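What follows is a set of structures to go through.
One chain, subunit A, links the two complexes that follow: it is found with subunit B in the first and with subunit C in the second.
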Partner chain A sequence: MSDTSPHNKESIFPPPFVAGKHDFHSITEAICGVVEKPLNINWILALGVAGTVMAMLFASIGYLFWEGTGIWGLNNPVGWGWAIVNFVFWVGIGHAGTLISAVLFLFRQKWRTAINRFAEAMTIFAVICALVFPGIHVGRVWAAYWMLPIPNQMAMWPNFRSPLLWDVFAVSTYFTVSLLFWYVGLVPDLATLRDRAKSKLAFWSYGLFSLGWRGANRHWQNYERAYMLLAALATPLVLSVHTIVSFDFAVSVLPGWHTTIFPPYFVAGAIFSGFAMVLTLAVPSRKLFGLEDFITIRHIENMNKIILVTGTLVGYAYAMEFFIAWYSGSPYEGFAFINRAFGPYWWAYLAMVSCNVISPQFFWSKKMRTNLTVTFILSIFVNIGMWFERFVITMTLHRDFLPSSWDYYAPTVYDMSTFLGSFGLFFTLFILFLKFLPAVAISEVKGVMPQADPHWEGYAHAHHAVSNAVSNKEAH
Partner chain B sequence: MTSQKNWGVLAEFANPAELLHAAQELHKLGYRKFETWSPFPIHGMDDAMGLTGSKVPWLTLGGGLTGLTIGLLLQWWTGAVDYPLVIGGKPYFAWQFATPVTFELSILLSAFGTVFGMFALNGLPRPYHPLDRVARFRRVTDDGFFLSVEVADPLFDMERTHNQLAELGGAHITVVEDK
Partner chain C sequence: MGHANTFNEDAKLPEAAAKRAQTIALACAVVGLGASFGGGLLGLFGGDAKELHHQFYFSWLTAFFFFTTLSLGGLFFTILHHLVRASWSTGLRRIAENLAMNIPLMAACALVLSMGFGDVYHWTHIDPAKDPIFAVKEPYLNVGFFTIRAVVFFALWAVLAFFFRKNSVAQDGAQSAESASAFNFKMRRLAPLSMLAFALSLTFFSFDWLMSLDPHWFSTMFGVYVFAGTVVALFATLILSVLWLTRNNAVSTDTLTIGVFHDAGKLMFGFTVFWTYITFSQYYLIWYANIPEETGWFMHRAQGGWEHVGLLIAVGHFILPFWTIMSRHVKRNRFMLGLVAGWMLFMHFVDLYFVIMPTHHHHLHLHWLDLTTFVGVGGVFLMGFLFWCKRDALVARKDPQLTASTGYDNV
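And now, the complex of A and B:
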């Protein structure tokens, strides 16, 4: 009978959250060890490369401030070029971090503990990259504060009827709440680093940010409640953020943008691209930093399943857009979609569909889901595909209502250096994070180990003996 | 200072199960000013110590309602009172367009209430604590499970409390000075 087959056993007893033989102390050692080891040459080299690419971003931005947005490939029908594409791309990437930290927490998916810190860091850095683009796209950057309701000498206020302003509030709230969520999670782990610090500098800096956390149960009680509430706040927040990002398009009256499918379709796409980025980062980092026992194949496989689901959802949205364009009977709507797939940007549409809809289908196979090389390559494909999705959507602008104003948009070298440079910013921050902060949530991982449960079978004997001893003493 | 004051006693336990058990027993004996310290929250400890619920949710609610009010007032006052301006023929104020910003501000201030409220309720930041003088206590953020009883507890008696902690399985029982 197949009852005794190993596969069956596996499905009854899921693999543990932490692989290998670990106790509480060895977890502290393994994770803090990464931070405490002296700087190694590979890390410095990686930081140097990322830092150089980041310098390119700042140089491009400097030139942009000097010269104006004319250095980009923007033209009259296409007033939103790569800047908005990159903005939506980076915000979307951030969403997986919140999904892992908040949504999976609420659903009590304990496997998330190994990757949440990592993914939350990714969220914050991705949102920083995202915020750069609308910030520099405003043209007159010295007037960027007009986006905020700050009393000024003109006695004017921002236009709250504009979805672009909603976006300012959505993304800045998202950044702030993600940062708080990340920080709250970090406090007990920073305390661990403080208590292990060898140098004065480490003691003082980790000590300052750990706020004097000492693990009192009264503190844990408030802490756990606060963490749960933050998760409950971050969940509708993350859904609202990409919904509002999609409003930038959907609230306009342009064919191809003015559709009610945009909010759910954008949210699914965001989660899809975010998980792909988590995998792109996690697959090499777990190897480089020896975190294979914490970020296990089970984690990778679970994330691949989410990629399969969300990728298929995105594919459904692509199909539904076409269907509705035809079903609406609007010739403008129909043209926008035919033009997307068969117009001058057919190659972008093809890249989008093949990367986002076709490539995740490999993950129906368990062999593929658990293969690290395949996972890494497909995650890159998804990243590329999701960038193209935003490009395809934005390029709907290039043929507007009046054929005489149609134009073809092509990026300039400054568009490219700014986008590439944003990866430099992202990776610089990420590389610094990996070295100076615990990349895995130490206290949370300990909390999901079987030994953390006071009713674990391993303690049954000891517990019994102690209570006997006490009751004997009391009897005497 | 010659007349040293004591803060309490600290005992170490081998694992979460023993710590939980000790907390249960101390609570049964009538102790109230005692605290358990652990590297991660232990399931069932709040009940064992007889703690009532956390007040954090009230602060979250307070933050959320403040955000909601600010969001609505801000958009109504700036758009319809202070500088009414017709843009695209839209009304000066309507709840429909005010929803996204109001929602975001409610979430933002709820989060502020939650996080800063939690730190405030916990009395953090707290750079110094008498327990910091106990070298072993540093393991509390690694793999140490500790229980402290404060002198301020009416039931506290140096010798009796010490013995009770020892009977419950506490090791390395230390008197902690209040400095």
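And now, the complex of A and C:
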């Protein structure tokens, strides 16, 4: 294939999935090496910092349980504050993982193999962080189980017509399926770690979770089938979870909340923020753990393109909301949006639009998309912007239909320590994951190598590998 | 192996097949347009026939919009192909380009509506002083600005369609693989901005031509809703076109393989679900909130016989195709998938009918003009499509990615 366009700077076909001169063995070595190397001081330090921040979360929650939600900045029109903002923020982060692992799998986007493992891990940890917030927001935490429809002698049930209840189902289903999907994908790699284990403890623990995997033909057949089914089951979840989350707002009769574009707009925003978080994590970790050959510039660039697309979709939704608010001729709709952009929270609106709509526009340039520093900085901007988006939406409450009850919401130090602390929880889990599990799916990456092609002509003909995206179609 | 010039097929539409199709298209156009214009003109004489005149414009709008979405779908597919640098769909590219080339024809069909514009769009004769809700949107919704937007949209789409097809056909004459890929790069460069322009223009086109039929009603989702239906109809059209071309040996099944066919089916399935998601969300949020200024549109369509059409759409546009094309066997069976594709086109028409016609008939009232305008505009559309199909090769023969497309199969 290399002879079709040898003189072009850029080939018509995409670059290979794995950079450098790798064979199957060197891939195993490179990825397992991260896990098998002795603990290094930087890792311990990072875990220490994350753990300390996490301790702040638990301390804040402890005080909240003791004192009640009065320690937060909630007031009368704004009955939902940072807790719902943080919940939606964290649930949204998770979506990129599911999109990468399930949707891109169904679309046969083979570049996903390098990033799906830790994007899925990110999903699970983000959903854990998300679930904390509605759980502690109920006030009387000892009654939190009332969120579940459990038959009881008081014949008391949650409101089945409330999207808040559907959230309980949607998010817990999402968590369960994501966890299963992640685990099924891990099984062959856990077996690899088991087989290479030097210590008894490692041998037994990896052995326990690798479920007796021996890499037999039958194992692979069942595995592929299970993986495919889970991908098909997880795909609707990418849409449904954030759709239900958007229903929390959109089924109401509040101007600024009730608008029909909310479901796909929330989903696009979730994927947008999720990819930003994947990049925030991937850019430093590929360097720290020497995974640059697997998470290549091509992967970074592809993710930046998705950020540009979803950021533009979110911008489209903002534009539609504004246009229809005016077009509807409803004075309340009009007021809600004017108040968002020019009211007391104008700075939040400005932060949202600049981070979510303006900042991704840099990615129109290939130079920017392939620049790691720019990518890292912009990914943080997007994270900030998407948090502000949920803040802006929630703060629509601060001026309700009755001007005498208008108020200004400001967070307290406990709001902040809880939110900051949730990052501690997230990073603690993530840092542990990087050290104890293979951060890149070993078996899947091998599957997209040119060597995995039954028609591969051997190392002597390795230049054919350049177009491995299509090589298996052309080799006959 | 891997050389761009291994593709030796002529990929020309055989004369006999073209003649036969053109005769049918011409017959449809003549009979359909003749009957429709006859009916419409009869209405001018007033009396009992006056209703025919109104009916003509509403039926025309439905048929016009239906076939315009097929062209727009073709344009969307063309842009998307270059935007995501797909290789599997290279074999389908030219068909989509040919569909998009009908935009100028559809603009001509739009002109027919201008004569009965006031009959279709009631906001043309609302007095803003008496209608405070309309007074707000009057700066947007007035005949002058509407016309400007319509001209801009059709001009934009026509320019895009011409740009992509011109470069695509020019590539057919490329002497080397390098000069061929230069065209790919050129088209890829324009794809992102084209997609942005397409998204915005389709949104406001659907606001203008469909949503404003009820000038008080609004939904932020409406543009996405029309887009979703458009894409389903596009894949249905592509599938039927592939079937027709391969049956007539215009393109061999080695080029448009069962794998390509299968994947077009998967995408039709995917977008059917997407359409359902969008349509349901729009309905559901309005139903749940139950705010009078929004519910009117659905109330109107939930009575007078229209509720049966709504039910038909729920079953026919979602439940039936969902359970049918979910199966891999159906997607890989040319006859079965062709059948479902035809059905989806029919449902797309019903869907548009459900949006447009209740504005005119408070009670479900099928009219013979619905059929004749459809046949007439359809005949015109088909003639245009065949013209472009006959003109050049049916497959982008020199595209270096074609080898990836022809050997393509995903099981």
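We adopt the following convention: the second predicted complex is superposed on the first by the 447 of 476 C-alpha atoms of A that agree within 3 Å, B and C clash if a C-alpha of one lies under 4 Å from a C-alpha of the other, contacts with A are read in each partner's own complex, and residues count from 1 in each chain.
Here is the rule we use: a contact is a pair of C-beta atoms (placed from the backbone, for glycine too) under 8 Å apart; a residue touches a chain by one contact, two chains touch by 3 or more.
In this text the structure is predicted, and so the values were computed from the model without any measurement.
> Identify which of subunit B and subunit C touches the larger number of residues of subunit A.
Of subunit B and subunit C, the partner in contact with more residues of subunit A is B.
> Output check: A:43 vs subunit B and subunit C. Expected answer is one of first, second, both, neither. What do you get?
Neither partner.
> Can A:364 be said to touch subunit B (first), subunit C (second), both, or neither?
After superposition on chain A, A:364 lies in contact with subunit C alone.
> Touching A:423, do we find subunit B (first), subunit C (second), both, or neither?
Touch status of A:423: no partner.
> First (subunit B), second (subunit C), both or neither: which does A:252 touch?
A:252: touches subunit C, not subunit B.
> Tell me the contact category for A:108 with respect to subunit B and subunit C: first, second, both or neither.
second
> Looking at A:328 after the superposition, I want to know if it touches subunit B, subunit C, both of them or none. Which is it: first, second, both, neither?
second
> Using the superposition on chain A as set up above, list the residues of subunit A that contact both subunit B and subunit C.
236, 247, 467, 469-470, 473
> In the complex of these two chains, what residues of subunit A are touching subunit C?
Those in contact with subunit C are residues 1, 3-5, 7-8, 10, 12-14, 108, 236, 239, 243, 247, 250-253, 258-264, 312, 316-317, 320-321, 324, 326-330, 364, 467, 469-470, 473-476.
> What part of subunit C is in contact with subunit A in the complex they form?
Of all residues in subunit C, those touching subunit A are 1-4, 85, 87, 132-137, 140, 177-178, 181, 184-185, 192, 196, 199-200, 203, 207, 216, 218-224, 273, 277-278, 281-282, 285-286, 288-291, 293, 400-401, 403-404, 407-408, 410.
> Using the touch definition from the top, list the residues of subunit A that touch subunit B in their complex.
The touching residues are 23-25, 28, 149, 155-163, 165-166, 169-170, 173, 176-177, 180-181, 183-184, 188, 191-192, 194-196, 207, 211-226, 229-230, 233, 236-237, 240, 244, 247, 442-444, 446-447, 451-456, 459, 462-463, 466-467, 469-470, 473.
> Please name which positions on subunit B make contact with subunit A in the complex.
14-21, 23, 25, 35-46, 49, 51, 54-57, 60, 74-75, 78-79, 82-83, 85, 87-88, 90, 97-98, 100-101, 103-105, 107-108, 110-112, 114-115, 117-119, 121-122, 124-129, 131, 137-143, 167-169
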